[in-house]
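In what comes next, chain A is part of two complexes: it sits with chain B in the first one and with chain C in the second one.
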Partner chain A sequence: MVAKERFKAIFGNYLFILPALGMFLIFSVYPFFKVFQLSVFQWDGIMPTMKFVGLSHFKDILFRNPTWWQSVGNGAYITFLALTFQNCLAFVLALLVDRGIKGGKIYRVIFYLPPILSGIVVGLIWNWIYNGDYGLLNYALKALGLAGIQRAWLAEPKTALTSVAIIHMWRGFGWGFIIMLAGLQNIPRELYEAAKVDGANKWQMLRRITVPLMIPVFVLVSILTILGCMQIYALIVATTGGGPGYHTEVPVTRIISSMLGQSQFGYACAMGILFGLILLTASMIQLRISRRIKQE
Partner chain B sequence: MKDSVLFYKIEKILGWIRDHFFLILVSLSCVFPLVWMLSSALKTQATVFSDMSLFPAHPQWGNFYLAWTKGGFGIYFFNSIFYTLTVVIGVVFIASLAAYAFARLEFPGKNIFFYLFLATLMIPLPGAFIALYVLLMKLHLVNTRLGYILIQINGGLALGIFLLKTFFERMPRDLEDAARIDGCGKFGIYWRVALPLAKPAIAVVVIFNALTVWNEYLLAMLLLSNKSLMPLQRGLMIFQGAHVTQYPLLMAGITITVIPIVLMYIVMQKYIIAGITAGAVTG
Partner chain C sequence: MTKRAVCMFCVGAFLSCIIGFIGCTRKAEKATGITVWHWMTDRQDAFNQLAEIYEKEKDIKINFELYAPSGAYTQKVMAAAQTNTLPDIFGILGEKRIFASFIKAGHVADLTEEMDARDGKWRGIFFSKALDVNRFLSGNQFGVEPGIYGVPIDVTNIQVLYNKALFRRAGLDSNRPPSTWKEFIRAGEKLKAAGIPVLVSGWGEIWLIDCFASNYAFNIMGKEKVVATIRGDVPYTDPDWIRVFSIFKEISEKELLAQGVVTMVNKTAEQIFANERAAFAFNGSWCVNVYKGMNPALEYGAIPPPKISDKYPMAIWGGAGSSFMVNVKSEKRENAVEFLRWLTTKKQQVFLAKSTQNLPSNKYSLAEIPPILAEFADDMDRTTHPGILPVAEFPRVIESFNKGIQSIITGEKTPEQIAKEVQKVKDREIKSQRLER
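== the complex of A and B ==
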């Protein structure tokens, strides 16, 4: 009798997680394994027949697909710019606002405005700013007497990728700012007071107190920046569509075009897995580095 | 002595001006593209490329009407609202049920299940949408509202469960105990006591998911080919593809897309910032 009661209670408790678990198994766990399964087959996504090809998709991607590596390189380029310029700007702004500057709250609200906009919206607006014929940027350059450097910013191979990266950083710095500001506000003020008593100047306090204590936050922001930049997609769709040529192709646009453009579902899955490994490795390296810095 | 005090003061004021100058410059760069969008939405097709003023002399408010009706943004708008509401309600209900169980109830395998959910926040698998597409095809849910909604509810569960579990664990047990003594069942305690108390955490979950769903593009592109089912982000790309040069209407469409999210942001920014920080710490 007691056992039956207990069983009933446990069963009742399971009912609480059942909806979540059901959805999770169907829409997270199943696709996870399905991607690995599909990656070793040749399949167009429609026909019932699938041809087993082993690891040949992976081999092809690794050794015979320069476009794929170009897209990874493009993603890495955007990521590099974001890690340096975007995050430095975010940190400087966070430092300024953290000092209790007047209007800090208003700045905080404004800086977080671009991050709440979608990649599509941001891309479509900036498209026009960059436009070669009637864009705002060229108009401003002309007004400044710099007509010589006017160009179709998103359509020329030389400038397209950097122009996209600038849009991405414009959208992203406010997010880094918010997290870094939260980190700065967690640093106990007494540390600064004590340093002041000891005669430390601002620069010394920044180097000896702020930066060391912010390292975990820097690592977090860096990892999330990498994950976010490498998986950029909507912004590319709304601005260049990957062009000119393959100059702004990124991994996700390649995966999608393998899947929908060439109907190579298995190949696209293999790309996804390799790309996932790249992301995982990048995050691991970041964590390693931070651990080593902490030990020192 | 007096000189050095004066010098110190001047230095302080100069620093203050420099800081604010920089902050204001960055603020302007954040706001300007949005102002430009709005101003262009109010120009005519004839003046939009030549009139560089921020406040057009004859604002064409009719552009919004045209975008709403002829551009189809009215339909896209209602679709976006519908998807956002259903996904948010789904996530809050399903995630809070599970989170309550993880925080307060006992059952075998509890920790394993919880870490399984957490793992999805940590492990990126960029190709998962291919398998999801295949799955939905098998279930005949491609190009349906239900398929698009279910996937996104699932997408919001892990973070929702994590945030709400943390909140439920910190909640004092007294009220729940009192309810139990009054004869309340497990579900009754969750529904009448725990859930109402969790409002601040639920607000974070609501906003985080509302932003994600409102701005979602990839899945909408992959799954929805019927115009009457498309949300705004997808509709914008469709409109741009069909009318490349109709900038004022496109900008009006973007404005329609942006206004709800900006309004929500201004009203609830406290929770949004809390959500970002929490999301970052777990992600």
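== the complex of A and C ==
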């Protein structure tokens, strides 16, 4: 009797989460496994039948698809720039605001504005800035006497990817800034006061207190940066469409192009799985490195 | 007891909501007449007006449901096909093999019988090229039963537009636009010397590059050789193809292209031409409506792309602009076909052409369309489209071809390099196709 009552109590509680669980299973778990299933089939997204092709999609992507690897390389380049310049800038600005510079609250709002704008809107604004004929950047360069380096920044193979990366960094550094500022504000002030009493200067306090205590925050920001940069899409669509040539193609544009442009759903799913594995590996490496730094 | 009752109530309410929602949707669908799905934002108002007229005339309600942009529409139609929830009438965007998949999956009605009835009266009203896009011939490579599977509601073609005022400013005769490639280059150089940017087009959308290149491929080597290349009998490294690629090198080296054209979307290109910041544009007949909105005073004309060779005729990319398909599983199939028959009659087509500035698919409506549209319509017989060729190129080859042209324009690669790269992709695709078989 007691067992029955207990069972009822537990089961009754589970009933409450049944709708949410149902939604989660339908919209998250099922698609996750469906992607794995589709990756071993050839399917155009319309026909009711699919053809089993085993691991041939994976083989093709890994060994016979140079544009895929170029897109991964482009994504990695944007990520590298973001991890270094974007996060350094975010940290420096967070540090300044944390130290109570004048108008700190206003900066907080200003820095947080770009991340909340849509990628398409940001892309359109920067399209105008980078425009070869009437762009703001070329206008500024001319005014500075640098007319010789004027160009259509998004349309030239040498500058297109870096130009897109700059837009992405401009848009993304606000996230890092907010997270790092929150991290800085969580460091107990007593530590700084004690260090001051011991005669530590600002640089020593930064090296011995701030940076070590900020490592978990750096790891979090780095992982979010990697995931955000590698999955860049809307910005590419709004600025270059992946061109010129394949110079600004990134993994997500290749996946979408395979799925909707070429109707190769199975192939696109295989790309998605490989891409997921790349991101997972990068995050794992990042975590391991940070753990080692923390131990040291 | 109370706890149990609350649990049961929650679960019951949740299930009732879902069942009720599905039930209501189904009932609503049945009660509201014919449903049409489309992506054409600029035509929604005109469609709604026609629906009102049709309801008054025939007492059948027509619901035009707009899903834009076209990418989102494509996804919606694909998802609906997978769940068997396509509406009575819908459009299919994309290449012919996607259209073929819809037919083979049993979603599209064969309208040959209706088109052929009464000595082919319905079929006879359309531009033949417009109907060809919706037609599958016997022995087609997709394995589709021969027949006509769609109703064109308008036609389109892509031509070269020139700004008459800018022509005059550069000292060119605005009544004598270039008809040969040499004349085009000469005019371009004169315009450039007058400080006027020459040609603009949305070549960041690679399909527009494909249109321009395929026009010249037909002109340089003829349809037979183009088809032979797609079949794999002629390589892309053939001198004629190198000549096609070289066109882009020439206009790029002579600086006759607007800045940033390789990553420019067509909407931006349209703005540049409408604002008189380029003398030529390569754009489709839909631009008449677009330019009218952007700059009603724009003085321009439409000409076929200037021919580079006299050996073969210059083809113009075009055919059916948009077509509607009838859902083969629709309970209102007869009514749907009847509505499409009504929509393509002369009166409705003239109304659509006048209100949306698109070319009508009914050739008998041409007499009553605006003059600039008539300039486009004059060349409808010369149109070609990948959808009417007996074979289709591999999507990856098309992509590498068009992306390669972008690289030629930026001066990064030579026509010979691109020809080799495209052929390499083609060889790889042929090999994988053989392995699959």
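Simple rule for what comes next: the second predicted complex is superposed on the first by the 282 of 296 C-alpha atoms of A that agree within 3 Å, B and C clash if a C-alpha of one lies under 4 Å from a C-alpha of the other, contacts with A are read in each partner's own complex, and residues count from 1 in each chain.
Here is the rule we go by: a residue touches a chain if its C-beta (ideal position, glycine included) is under 8 Å from a C-beta of that chain, and two chains touch if they have at least 3 such contacts.
No experiment lies behind these values; they were computed from the predicted model shown.
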Should the superposition on chain A be reported as showing a clash between chain B and chain C, or a fit? clash
One more residue to check, A:Q70. First (chain B), second (chain C), both or neither? neither
I want to verify the contact counts: of chain B and chain C, which reaches more residues of chain A? B
With the two structures laid over each other on chain A, which partner does A:A20 touch: chain B (first), chain C (second), both, or neither? first
So in the superposed three-chain picture, is A:S290 touching just chain B, just chain C, both, or none of them (first/second/both/neither)? neither
Looking at the overlay, what does A:A160 touch: chain B (first), chain C (second), both, or neither? second
Regarding the shared-chain residue A:G45, is it in contact with chain B (first), chain C (second), both, or neither? both
Examine A:G241 and indicate which partner it touches, taking first as chain B and second as chain C; both and neither are also allowed. second
Tell me which stretch of chain B runs into chain C once the two are superposed: 96-104, 150-158, 222-230 or 258-266. 222-230
Chain A residues touched by both chain B and chain C? 12, 16, 19, 45, 133, 260
Sites on chain C touched by chain A in the complex: 3-4, 7, 10-11, 14, 71, 74-75, 78, 81-82, 94-95, 97-98, 101-102, 104-107, 197, 204-206, 258-265, 268, 277, 395-396, 399, 403-404, 406-407, 409-410, 412-413, 428, 432, 436
Could you list, by residue number, the parts of chain A that touch chain B in their complex? 10, 12-14, 16-17, 19-21, 23-24, 26-32, 34-35, 38-39, 45, 89, 93, 96-97, 99, 101, 103, 107-122, 124-126, 128-129, 133-134, 136, 139, 170, 174-175, 178-179, 182, 220-221, 224, 227, 231, 233-234, 237-238, 251-252, 255-256, 259-260, 265, 268-269, 271-273, 275-276, 279-280
In the complex, chain A residues that touch chain C: 8, 12, 15-16, 18-19, 42, 44-48, 53, 60, 64, 127, 131-133, 152, 154-157, 160, 239-241, 243-246, 257, 260-264
Residue ranges of chain B in contact with chain A within the complex: 16, 19-20, 22-23, 26-27, 29-31, 33-34, 36-37, 40, 49, 52, 94-95, 97-98, 100-102, 105-108, 113, 116-117, 120, 123-128, 130-135, 150-151, 153-154, 157-158, 161, 186, 190, 211, 214-218, 221-222, 233, 236-237, 240, 247, 250-251, 254, 257-258, 261-262, 265-266, 269, 272-273, 276-277, 280-281, 283
